[in-house]
Amino acid sequence: MAAASGPQDIGRLVVSCPDQPGIVAKLTQLLGQHGANIVSLDQFTTGPEDGTLYQRTVFHLPGYAARKESLEADIQTKLAGPLDMQWKLTDASKRKRVAIFASKTDHCLLDLLWRHRRGEIPMDVVMVISNHPDLADQARPFDIPYFYVPVTGDKKEAERKHLELLNGNVDLVVLARYMQIISAEFLDEVEVPVINIHHSFLPAFIGAGPYQKAKDRGVKLIGATAHYVTKDLDEGPIIEQDVIRVSHRESTPQLMRFGADVERSVLSRAVAWHCEDKVMRDGNTTIVF
Amino acid sequence: MAAASGPQDIGRLVVSCPDQPGIVAKLTQLLGQHGANIVSLDQFTTGPEDGTLYQRTVFHLPGYAARKESLEADIQTKLAGPLDMQWKLTDASKRKRVAIFASKTDHCLLDLLWRHRRGEIPMDVVMVISNHPDLADQARPFDIPYFYVPVTGDKKEAERKHLELLNGNVDLVVLARYMQIISAEFLDEVEVPVINIHHSFLPAFIGAGPYQKAKDRGVKLIGATAHYVTKDLDEGPIIEQDVIRVSHRESTPQLMRFGADVERSVLSRAVAWHCEDKVMRDGNTTIVF
Amino acid sequence: MAAASGPQDIGRLVVSCPDQPGIVAKLTQLLGQHGANIVSLDQFTTGPEDGTLYQRTVFHLPGYAARKESLEADIQTKLAGPLDMQWKLTDASKRKRVAIFASKTDHCLLDLLWRHRRGEIPMDVVMVISNHPDLADQARPFDIPYFYVPVTGDKKEAERKHLELLNGNVDLVVLARYMQIISAEFLDEVEVPVINIHHSFLPAFIGAGPYQKAKDRGVKLIGATAHYVTKDLDEGPIIEQDVIRVSHRESTPQLMRFGADVERSVLSRAVAWHCEDKVMRDGNTTIVF
Amino acid sequence: MAAASGPQDIGRLVVSCPDQPGIVAKLTQLLGQHGANIVSLDQFTTGPEDGTLYQRTVFHLPGYAARKESLEADIQTKLAGPLDMQWKLTDASKRKRVAIFASKTDHCLLDLLWRHRRGEIPMDVVMVISNHPDLADQARPFDIPYFYVPVTGDKKEAERKHLELLNGNVDLVVLARYMQIISAEFLDEVEVPVINIHHSFLPAFIGAGPYQKAKDRGVKLIGATAHYVTKDLDEGPIIEQDVIRVSHRESTPQLMRFGADVERSVLSRAVAWHCEDKVMRDGNTTIVF
């Protein structure tokens, strides 16, 4: 599923456009004309009629850095224009710059930092921001700056501080059990995707206290959901979900503990896939190649 | 998990009562005094204080049929009275009498009938009732009476017919994708538990069209839920749930097909556990031993 | 995962060849020149150097039946020759002709026949062959010819009878818990793929009595494996596997019963994928698109 | 499944003996006479005839510490003698003292240390021993002594050093991907259980290089197994296993990475269950309550 950090000269072309005959041929031919060899190609069309085509093509192109500009120009004029195509061309050797927001629980933050250190996820974690100082000691061994930004009274002030810290210099914000609702204004201004982990199998148990709700309802599986954050709480496009079996024997604190294992693995998978340009949004759902 | 049909001389004592010290000792001692040897014992207390104790004890008692009455008398006077205990004593060799309600889709009905024929579930299926004639041919090889009771206009008439057919002569009603809402009056009059299979991971996607709702929400797992039917639609105590992984590639009809496999296995497990006296209700949740 | 029966004018081109730049472009361009629109495309290369490329391309081509011959000619001369390519072009509307071999246990056979009747697997089951008469009654409602071919003493005679019945007229043989070892001679002469379901998680518990072996070893999961049959018992390329959780509580007969549920679903998935031309052999392993 | 650290006055009585009528009653009655209230009771008999009974009883006994000795005396004379019973009485407030052996890979070690710090597992990690210095930095934030004991040439010398460090002062040794074969002599002398994590779904892929073997065999699931170490390599009683789905797409290094997630969770569960006295050996298998 995931080569951690792309080697040299590997590019990724991610596109979407109204479906019509010949798109794959045109796209792969254009890549070929520029000297690229296709490493992998994933493609999906949402429907037989009036469908949208989504495609992710990974290719090897010797001297990619020097030739990228010319390739971009051709994609724009020969494909994007005629085919009404949205597109993004990335360089697998350029890791995504990520800011992680955390609160007091450590499991999601630690799992991301640990995978980062092992090189499992092609990202550079550039900072951790928390509304509590508690996790600073745990982040320290990973050599990541830790900013304590209390959220008291007026949340706007904290968010202004967040934007100053981010400073337009990250590609992704990850809410690793941050436990604060993000304002619509922040989402507008941050201008990069924000991934959240919700501690239930959405759309079940939206909002606060999902493990207690799960206990009260007597479900036999509990889960976690990683999704892009939108202005509607817990309603954004789902990237990944998973569940674990429980029974009447588990108390709510035990559900929380078991659920933590699901949360950390679901969030780490979602972040890895995002950083590998594998996730595309289709309305309020996702295509994950 | 499931001995299909209990051998001779195996009894099951299922009890619940306010927790206090000494209950297990008193109960096992009384069984011992009657000559019973404990085969298995499951026990659970809902909380350290003011908790309710639930216990299921399976025992071997030579000549059980002849000695059951005397055992019942002692349980009532020596345990149930002093301990404020709800209890049920069953005979593993007596299979539950089950009526299955179906509609047009065959997967849940057939899975139950297959398992019944193989002796996997300790039940006798005494009739199939359907609001459509479609599945009669499929039920025929199993030698089970199939009653076609159309539901048109006034549902009450159909339900009156159902009660006539059941005639107070079944221990359990199973809704195997019956697709009709059961009235509160029917539930009052049928006087036996009713198990339903809902085609989603409850409490997500309550009500009609759950697979379409799942497609629209873009979930990455779909599920099914077996529960006891209460007067609140899809809100009864959950007995069993399971899920299966899906992706953007599956259309709604494909979700329905994949989900059917989950539905049939979840329902069959729930019915088996019920027929083995393994399921106890605790408020709106279940204890499954 | 599975469109049951392909609609009209849908073709599938499945190829493998030594990897080199430009293959995807050449192939999709050639399809485009013949008027085909790509519906889905899956592609995989076994390694960066000296790798083998595997590709499955599903396309829509109006008037496919009439134009297939000309397409085949072009694939042979323009792709297969120059690229040293193995290829197969199939018609999604042509269902595979399948013979199922069974013995005495019904679960795998019934699951395949039931999915066949529902149209879930794009196959025509043309006969059931068994070394026992036991399942004839169960196959009858599905209107499939059932041939009882006892295997006594000299197995060669039974296999000669099998080949007469098959008569070169099937595309696939499925061993649905047939429980007899297939001779190398039969495999040579039948000339179509043979899929078997083994009742363990291979390579654990090769050979007879896997559930007893699993009980003795005390494993916490039991499984099933669908694989192509080769001359080495239980050593052929694995198509699909799955497992289910068990504990010390299950006796060997209960492991067999739980395992049966895994066997039937694993075998049905493997057969469906094969019939949709999704499975390619790569040495002694499989690529499943 | 697991209260991390037992509260005060909670005891656990774990017994096994030849099955006969009345054991549960006698045992629970004796506990009651000493003033204990049963919190949970799990019981299992290996077979209807000549079976062995295993039972784990958790009880609350006010003033347990002061009354334990008298309880032990009664268990020995009134139960263990007459019933030929093996037994162990533990105090839930006394955490097991654990030594972790590691090598160069961090995932199993860190997962145990994380859970230890969160109080998820009722253990005190008293030391980490490694044949490499690599993980010392990672263990340091947890304030656990880290001993680097190189294994070169004569393994006996390293093992002598290990025994000196352990000094008869631990209750459990955990091999967290230690990657060295433990000698029979060490097992004899250490006198406490040793739990190992093997990086495959045993009994598949015994010995070295299981992920490469899994890749070569083309399995569709990979797994991990936690087991007690015995003198036969990878043949000891299995405590826990789990698997994860893979496909042809994963290279061997990717299988190793995915497998690491399974290894760490399987090992952590096994260690937690052991520390809660939930695991009993039955020949070469385990009962896990």
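As written, the chain order gives the labels A, B, C and D, with residue 1 at the start of each chain.
The rule is short, and it goes like this: a contact is a pair of C-beta atoms (placed from the backbone, for glycine too) under 8 Å apart; a residue touches a chain by one contact, two chains touch by 3 or more.
Since the structure is predicted, the reported quantities are computational estimates derived from the model, not experimental observations.
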Mutual neighbours - chains that touch chain C and chain D alike: A, B
From chain B, the most remote chain by mean C-alpha position: A
Rounded Å distance, chain A centre to chain D centre (Cα mean): 37
Junction residues of chain B - those touching two or more other chains: 44, 249
Chain D residues touching chain A - in the complex, by the definition given at the top: 1-3, 106-107, 110, 114, 118, 120, 137-138, 140-141, 249-250, 254, 257-258, 261, 265
Complex contact set, residues of chain A against chain C: 20-25, 28-29, 31-32, 35-45
Of all residues in chain C, those that touch chain D in their complex: 44, 201-205, 216-221, 223, 237-243, 247-249, 282, 284-288
